[in-house]
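Next come the structures, one after another.
In what comes next, chain A is part of two complexes: it sits with chain B in the first one and with chain C in the second one.
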Partner chain A sequence: MEPALNTPSSDRDEMERKFDSTWTIARKKFFKRKLAVISLLFLLFIITLSFLAPYITSEDISRIDMANINQEPSNEHWFGTDRNGRDVFTRTLYGGRVSLTIGLTSMLFVTFIGSIIGSIAGFFGGWIDDLFMRFTDFVLTLPFYVFVIVLNAIMIGFGKVTGMWSLIIVFSLLGWGSVARIVRSKILAEKENEYVLAATSIGSKPSKVIMKHLIPNVMTTIIVQATLLLATYIVAEAGLSFIGVGVPPEIPSWGNMLMEARQTDALQNKLWIWIPPAVCITLTILSINFFGEGLKDAFDPKRKK
Partner chain B sequence: MKESPYDKKLLEIKNLQTGFIMDGKLHNAITDIHMDVKPKEVVGVVGESGCGKSVLSLSIMQLLPMANSKIAAGEILFNGKDLTKLPDKEMRHIRGKDIAMIFQEPMTALNPVFTIGFQLKEALFNHIAISKKDAREKAIHLLRQVGISRPDKVVNEYPHQLSGGMRQRVMIAIAISLHPKLLIADEPTTALDVTVQAQILELLNEIQNEEDMAIMLITHDLGVVAEMADRVIVMYAGQIVETSNVINLFHSPKHPYTEALLNSIPKIDEDISKLHTIQGIVPSLQNMPKTGCRFADRCPKAFEDCSKITPKLAEVVDGHHARCLLYEQCYPNPSNKQEGVNL
Partner chain C sequence: MLAYTLRRLFSMIPLLILVSVVVFSLAHLMPGDPFSGEIDPNNTSTDYIEEMREKLGYNDPITVQYKRWVTNFVQGDLGKSTTYKKPVLDVIVERLPNTIFLALAALIITYILAFILGMYSGRKPYTVGDNLIATFNYTGIAIPQYIIAIVAIYFFAFQLGWLPSNGSVTPGLEEGTFAYWNDRMLHVILPAITLGLFSTASYTQFLRNDIIQNSEMDYVRSARARGTSESHIYNQHILRNSIIPLVTFFGFDLATLIGGAIITETIFTYPGIGMLFIDSVNTRDYPVVMSLTLLFSLLTLVGNLVSDLLYGVVDPRIRY
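On to the complex of A and B.
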């Protein structure tokens, strides 16, 4: 037997390299989950298609072609045309762009605002915590849909912002409460660790302690929460647009394309008009949720597999 | 023995009183703290759990939780500057640079998501203008100084890859990175096993000689104090009950509490079935006796005066202070034995 001390140095390097950072471990665990990976690929696919829409189809989204209304899918119009003769395939792609932009942007804003407010409240505690969290409670008590509809109508009425951005702003203003609460509770637990004291003891500013030390440690929670919010906002947009109070009808989004299905004739006989956006919404939401679940498990140190 | 009592004082604490606010009332965790640390001196602060050792060290560093604690009175003079009155910004320049601290739990004192190198460099970047490359080299040099083998690898590793002893070495490296004048070591070896403890103490000793810094060593382990300290401060229930140089303290303790503490160390040549303990528990913050000696309930030598008259800390023998009514000097007002009041 070779004594252990004589292990060649290359072997030792091998052993040392086996230690991974939290992120590497999470990435490895994530890629072992088939459903989550498929969901991720599907999401990337949908996002790419939507945002590359102008390069994929040359059709005009709002060109009305009365000669070709309600056409069934064909070589020329892959998903057929709607009652105004607009190409459904083109509108689905552009609609995806609007829906996903609203979802992703609202998610970013909400997560950003929520994390800042939650971490400040959690870190400083005392009256700052009270002030911030009571304000959060207040925002959370506002009935979400009622306020979204009213605020959205007001914002669009002012005419300063387009329908899409108005919805994003309203979602962001009303949605950060839950993130703030979660981040605060995580920060409360995390700040008890001595490394926070240690960081302060070497002269770091509170802002630096929060941004550099605490946020990275609660980042996994924030990311998981953000993916779930993304799904929420896409559904919210679709729902609001479906009942006609979301994105204005001239801009296609998955939600207001579904509006067509409110006509019994379209619902029964012209499936091609509403099935594409419906399938897109369903699959996107499912993928986001599977992806979110996958991330959650990947970041959970108690799940080994 | 570095016996030079008229040296300039590095740290001087006068009448410090720190408390926690509970139900709108201030409960003092430490009261009437007078102490000083001279340059290059190792001062041990001993006492059992909950006696206020950590509150004392956090008070010096101004690291008390802002929400519910307060320095109610007193001064903490560091190089003549009162830390309690210093604005946050200036305090930040002192933390890590002039006064550094190492903590009890090396397991949690390093941020798990960053490499060792990152955390070492952070201290440097906070206080001096230094390029990234120089900072990295300095980090490696520091790791070598605290006795970590293959420092060039360790800088890129994460805390969970290191053992407890190694992490405490890293903490020491961070603490000494800017050559502080005072190092506060809050139970630096408590979380480590005995052999590693010895190594860390040895390292602290070496570093103290190399860097010429003062150490305030907070511990509940009298063995650690005996090995490291020049001077010892014994705390009980938020007060200093005895201070002396290390030799006098171990050979002729003056306060019954210190005696009891020394007595409760198991002796290797003693054949007994039950260890000596101090009966009773430390009174909680809310139940601190209003008058009298705080140790009176548990003291084997307590007499009538002990629960009525509050002793003060006084010099009992040359350079040896105690707070106990067994000594005439400790009566608050020796002429008429008037009652004093606990804060």
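On to the complex of A and C.
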């Protein structure tokens, strides 16, 4: 007989509520944090706007219009035009698309590579762990910006990939170290649990134990780390493009738009050209950070509220 | 301590070899002639290139080439810059003092500011002043360096006209005079603040939290019980304990400064090795790019070594 059938329905609700999954608890805790929720909404807003850019404006981003250069913001051009007569509002939207694509894709690749390397090292231990972790340490000692710039220059030099993908590949090759380290340490602790022993003893393959049992249990850590990486790569893309070694100048990205501010005249007198990308980058980074903090607290079982 | 230092020094050797192999392989992937800079990039005749490649030994086995490159590098022969038409070493040495000056200025500003702000926040936590400092820290950590740099140039150089926005010194000033050094100081302030802002913010926050943690310790309570004055407790007892971890950050600063110097110097067109690096990437001056890549990697390794050793000095328990 099912004992639960005998309990009154209100008690049953109570019991069911007690067994909320990690994700439900986290979601409830997350939505109590105003700043984190506002940040999430802003991020969704800016992502939607950027990826729907072709449906929002009909302006051509590459067309050079010499009749309308350096115009101040007006009804026709909401954010004005730049020194080639291109609409700054349109370019901000398209630039966001490039910057966010680079950030999100690099984040996915880096998290994927890092989780695999970290979980293999942590699960198997022994010489595999030693080998993988020494390699990780080595990748982490390389100065990130220097190697990104050099590798990116080499990749673009070969001409096989376009500027956007070149940057994504380079970020992925050089960035996975921190994820691998964190995932490894989490897996090391997690694999001591009985359920892993049980899974292994009934003959589950290591790959299955890792993918089905271990990864889901360290997922929260991976997600928090991934949000931080998203901010890192958006900052890095814009910074590199800004100094002229990132995305090629013909592709609009927030960093490339910011490059206009390196000309004294634009920086001093034509604020409308560089303020939109600067504000977009700043607000996006701030929201990602607040969102990440919110997630971290929401996933932390020690925090009650 | 000596054994630990030696062990740590020996563990550098495989890393050094790996780094040199990686940089060597990257150089091999670079187009043109990144090792010596002797092949004229504008002469595209295949006979000429083939002849030069044979002469410079690019057809030798790869291990022989690697050995030659390492030997040359150790002896200070880094090849010839294709842009400046002179040895790479000379080009780098010319720019290096500027970067060292900038890095030192950034470090001094960072540590002084972090010290003052952190002490204040730690002593008076959860007050208006502490909250203001916390906001400043959050801004400094979250907002990218280059955006802060642009805004700083806009306000301090253009709107207020207090500070110059580019270069390292006004041309025409006689070297060694007071006016010359004063001018250099003025030129370095904005880049140095931008470069040091991130570290300032993180160190301030670190010092604050450490002071608050220490102020709840038993030794502080017993000092209070003996009637020691508050300022004595904070300035003598707590500070001594809290300042120690901060010292060990010094090594990591090297790595942060390298990445930061590349961007900051380029924004302020400050002629140091960071800007040289970017210029060389853009002009495809690969001998310079390669030498600087190796130099930056070595500096980062040294930085990690320094902070590990400092950890050992500060915390005698660390002896692995």
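We adopt the following convention: the second predicted complex is superposed on the first by the 290 of 305 C-alpha atoms of A that agree within 3 Å, B and C clash if a C-alpha of one lies under 4 Å from a C-alpha of the other, contacts with A are read in each partner's own complex, and residues count from 1 in each chain.
By our rule, contacts are C-beta pairs under 8 Å (C-beta built on N, C-alpha and C of every residue); 3 or more make two chains touch, one makes a residue touch a chain.
Owing to the predicted nature of the structure, the values given are computational and were not obtained by experimental measurement.
K.L.:
Will chain C clash with chain B on chain A after the two structures are superposed, or do they fit?
P.N.:
Once both complexes are aligned on chain A, chain B and chain C fit side by side.
K.L.:
Mind computing the angle chain B to chain A to chain C from the CA centres, in steps of 10 degrees?
P.N.:
Result: 100 degrees, to the nearest ten.
K.L.:
Is A:Gly126 contacted by the first partner chain B, the second partner chain C, both or neither?
P.N.:
first
K.L.:
Considering only the touch criterion stated at the top, classify A:His213 as touching first (chain B), second (chain C), both, or neither.
P.N.:
Only chain B; A:His213 stays clear of chain C.
K.L.:
Mind working out whether A:Ala198 is in touch with chain B, chain C, both or neither, as first, second, both or neither?
P.N.:
Once the two structures are laid over each other on A, A:Ala198 reaches chain B alone.
K.L.:
Of the two partner chains, chain B (first) and chain C (second), which one does A:Phe109 touch, if any: first, second, both, or neither?
P.N.:
It touches nothing on chain B or chain C.
K.L.:
Let me test your reading of the model: by the given contact rule, A:Thr22 touches which partner, first (chain B), second (chain C), both or neither?
P.N.:
first
K.L.:
Looking at the overlay, what does A:Gly157 touch: chain B (first), chain C (second), both, or neither?
P.N.:
second
K.L.:
Tell me which partner touches more residues of chain A in the superposed arrangement, chain B or chain C.
P.N.:
If we count touched residues of chain A for both partners, the winner is C.
K.L.:
In whole Å, what is the nearest CA distance you get between chain B and chain C after the fit?
P.N.:
Checking C-alpha atoms only, chain B sits 15 Å from chain C at its nearest point.
K.L.:
By the touch definition above, which chain A residues appear in both interfaces, chain B in one complex and chain C in the other?
P.N.:
none
K.L.:
Please give the residue numbers of chain C that touch chain A in the complex, ascending.
P.N.:
Result: residues 15, 18-19, 22, 26, 29-31, 142-147, 150-151, 153-154, 158, 165, 255, 258-259, 262-263, 266-267, 277-278, 281-282, 289, 292-293, 296-297, 299-301, 304 of chain C touch chain A.
K.L.:
Mind pulling up the chain B residues that touch chain A in the complex?
P.N.:
So the residues of chain B touching chain A come out as 61, 63, 65-68, 92-97, 100-101, 103-105, 108-114, 122-123, 126-127, 153, 157-158, 160-161, 171, 174-175.
K.L.:
For chain A, which residues count as touching chain C in their complex?
P.N.:
By the definition above, chain A touches chain C via 138, 141-147, 149-151, 153-154, 157, 231, 235, 238-239, 242-245, 258, 261-262, 264, 267-268, 274, 278, 281-282, 285-286, 289.
K.L.:
Enumerate the contact residues on chain A facing chain B in the complex.
P.N.:
Counting only chain A, the residues touching chain B are 16, 19, 21-22, 124-126, 129, 193-195, 197-205, 212-213, 216-217.
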